[in-house]
């Protein structure tokens, strides 16, 4: 089982990102799960969402304390939240930032990769909505979900041009981060 | 008349109009007595009785005549008060 | 002996001379059988349905004290959704306690949502079922078991809540007050309400012989006096505007209404009671002014009212 | 056609409600139930759910009253609530059950005030356990949705005629996405016939509902509700089996068990915590700990016989209660002790108050509870009732 934790701010679509990961993984023929950390905070406050991917039915419903992957949607969260808390040593932190990983000075033994999702989102979607770009980056960097499945998940969630733009952002991010 | 006891229905559903099996006539001290001579058949007693006791019981060729169903008359005196021709008298019930 | 045809059957256990039972009997004479009734907890509910008996020959349901309105709304929704609405009327009943106090919030919801129901509050001006406690509809200076008169109190010190005006403020098509002391007025208004689609509210003045402390024979007479003194004006609101008022010829002094009821008898015995009666007269005068009750503006007679034998 | 898709629990539940063809839906918004009734609103707005009146009330009290009136008039109804909303419905819940109206209510379980807390536990439903409603607890999104369909079939059975509350953990089911199989309308129609009660409010056949019961009738009327609850035990089993046959999913009847073969230690709980417990039990079984799970699906009726049978070989039983009867103990713990007291086999019992107000429960927590059971079996002193992971550091001094 792979466990993913997403840090974002209210309104940035962290829960949608978790949902799309779960949908994409299901498209890949796996079992999956996604849920938010339910807070009373409003738009702008730090929020957390979780996703799990596994080869068999997922039964555990506790929060994720030792994630394999962490996605950080907003670099300003790094100083506000312990984004690296509990990440497995062989895990990966994927951070939306224009900076290099070393510049962020994150205290973790896990790998840290950065990616300027905001810039890409502005270029491709025309709005600073980073969650789909980060999904593409996640797919590219981890190989946990296939690009086509991410696209399918996006088509299921958005319609028409919005979907097209998001899919374009996903593709670009996927290619940039693919190894 | 005695109250009747019945097998329960699901949800204690009661059947319509079954209150008529309970006779409230026994409650009264006075009873309303309608003078058939004076009654002009205006139906005011029947309309004003909370217990539906007055009823049309005869017709003298010109007018309806009303009587009281003593199974239900509680002896409140409303009909006697309301009767426009003082045809109703409240008399002590003989028990 | 001829069969009794009333849809509100005899054998119910209301008090002798009960104005509210008369209201129910008369109501069903107007509605006929194609009606479904909801009834809030209260005197009329308990006296009409001691299992296995029921005085109701029409479909009837009692749930709780404060939900006659929303239960009726549910019935109306069910009839609509299942295609059984037809001409069937849904009528919610409640006393003044169930309507104007504990059920008032949800009644507002029912009125605001536009359900096609007629809500009728039978207003006997206190919690009679539990032993004559004050409600929001209890009139000024009335003696109840929770607003007793005493050395330093004349009884209920708050005026009657103006529920019809609040109902009318919902913008519903029809609101009316009526009295079972005026069967023709009552019949006309119920009949009219039933022809109007949407939420309707009718408040019916009805006696409680023990609660008011009256001679049961005067049950209807007292109600007429309430109207004739201007203390219970009869009027209609249509779409928020007052469209009719029952005019009064030679409005009677309130004393004539008050002195026949034990709930006001302290006003005739206690020092300062006459001042209180003046205040009640003032309420009637304000009603007369507000609704334009008087046919010829005339001051109420100053002379002592005649005693009824 | 039925298909499998990743779906939020609320959406799956709304889909299940839809295929049952409710004629009247009435609800009031409250977290975490809102997504369910929003989804149903959207279905009506889109024309996907027809012949359905949605009454948006000004309170849960009215929502419950509306479904009572509608059900009494012969309509199938649906409502959803949680927490304070359930408490506000409380008075009507008793009336609905007493009148034998088989309403179905989705309860997105949540803690109750005070202090205000929007997160999940079971207090809302537990506090209504004496209302006469059948109470079923679901483990995951699929079971919660499937139980809505089964709930109508159970409640409307002439042997039962009782309302059914389908309990689903707030957020942990309502807001969690996971694969769920949706429904084929035709199959549901075959499984669930239209609602056709013996009595309904109908001018063509007038009846009086909600009559006053004097002392000579009240006891018998209450007994009849109780008796219907008892009869519901076989109906719940039957309906679960029939559903399993028809839809290929069987999750147990009154209870379900997991790895109870040779289990000296039995864990008993309800709701979504069961999933986490299963993962913990798998790990412990691999390590040789003889532990299994008894999941209570039906809390009312309380499955005394099934529980006695399931626990007949357990040496110790740990009950995980996500509620607290203040001044007493966890409700399930108390009920289960009562059920086993006169049984031929009475294991040692430990009660744990866990997961109140959204406090997360992990696999490690479950293992810790089993360690306490092992300690007790080893002769150590272990308190009968424990507030699991109670943070004494933050309690005022002297407590």
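As written, the chains take the letters A, B, C and D, and residue 1 is the first residue of each chain.
In this section, a contact is a pair of C-beta atoms (placed from the backbone, for glycine too) under 8 Å apart; a residue touches a chain by one contact, two chains touch by 3 or more.
By chain, UniProt protein names: A = pyruvate synthase; B = Pyruvate:ferredoxin oxidoreductase, delta subunit; C = Pyruvate:ferredoxin oxidoreductase, beta subunit; D = Pyruvate:ferredoxin oxidoreductase, alpha subunit.
Not measured: the values here are computed from a predicted model.
Visitor: If you count the C-beta pairs in contact for each pair of chains, which pair comes out on top?
Guide: C-D
Visitor: If you average the CA coordinates per chain, which chain's centre is most distant from that of chain C?
Guide: Most remote chain from chain C, centroid-wise, comes out as A.
Visitor: Approximately how many whole Å separate the CA-defined centres of chain B and chain D?
Guide: The mean C-alpha positions of chain B and chain D differ by 54 Å.
Visitor: With chain centres taken as the means of their Cα atoms, state the distance from chain B to chain C in Å.
Guide: 24
Visitor: Please report how many Å separate the Cα centroid of chain C from that of chain D, as a whole number.
Guide: Spacing between the chain centres: roughly 44 Å.
Visitor: Rounded to the nearest whole Å, what is the centre-to-centre distance of chain A (pyruvate synthase) and chain D, using the mean of the C-alpha atoms as each centre?
Guide: Going by mean C-alpha positions, chain A (pyruvate synthase) sits 34 Å from chain D.
Visitor: If I count partner chains per residue in chain C, which residues reach a count of at least 2?
Guide: 49, 51-54, 56-58
Visitor: In chain B, what residues contact two or more other chains?
Guide: 5, 12, 14-16
Visitor: Quick check on the complex: what are the chain D residues that touch chain B?
Guide: Per the touch definition, chain D meets chain B at residues 98-101, 161, 198-199, 206-211, 213, 216-217, 220-221, 224.
Visitor: State the interface residues of chain B toward chain D in the complex, per the touch definition above.
Guide: So the residues of chain B touching chain D come out as 5, 8-16.
Visitor: Taking the complex as given, what residues does chain C use to touch chain D?
Guide: 33-36, 38, 45-46, 49-54, 56-64, 66-67, 69-84, 88, 105-106, 108-110, 112-113
Visitor: Using the touch definition up top, name the residues of chain D that touch chain C in the complex.
Guide: 23-24, 26, 51-53, 55-59, 61-62, 65-75, 77, 91-92, 95, 99, 201-203, 205-214, 217
Visitor: Can you list the chain C residues touching chain B in their complex?
Guide: Going through chain C, the ones touching chain B are 1-2, 4, 6, 8-19, 21-22, 25-26, 48-49, 51-58, 183, 209, 215-221.
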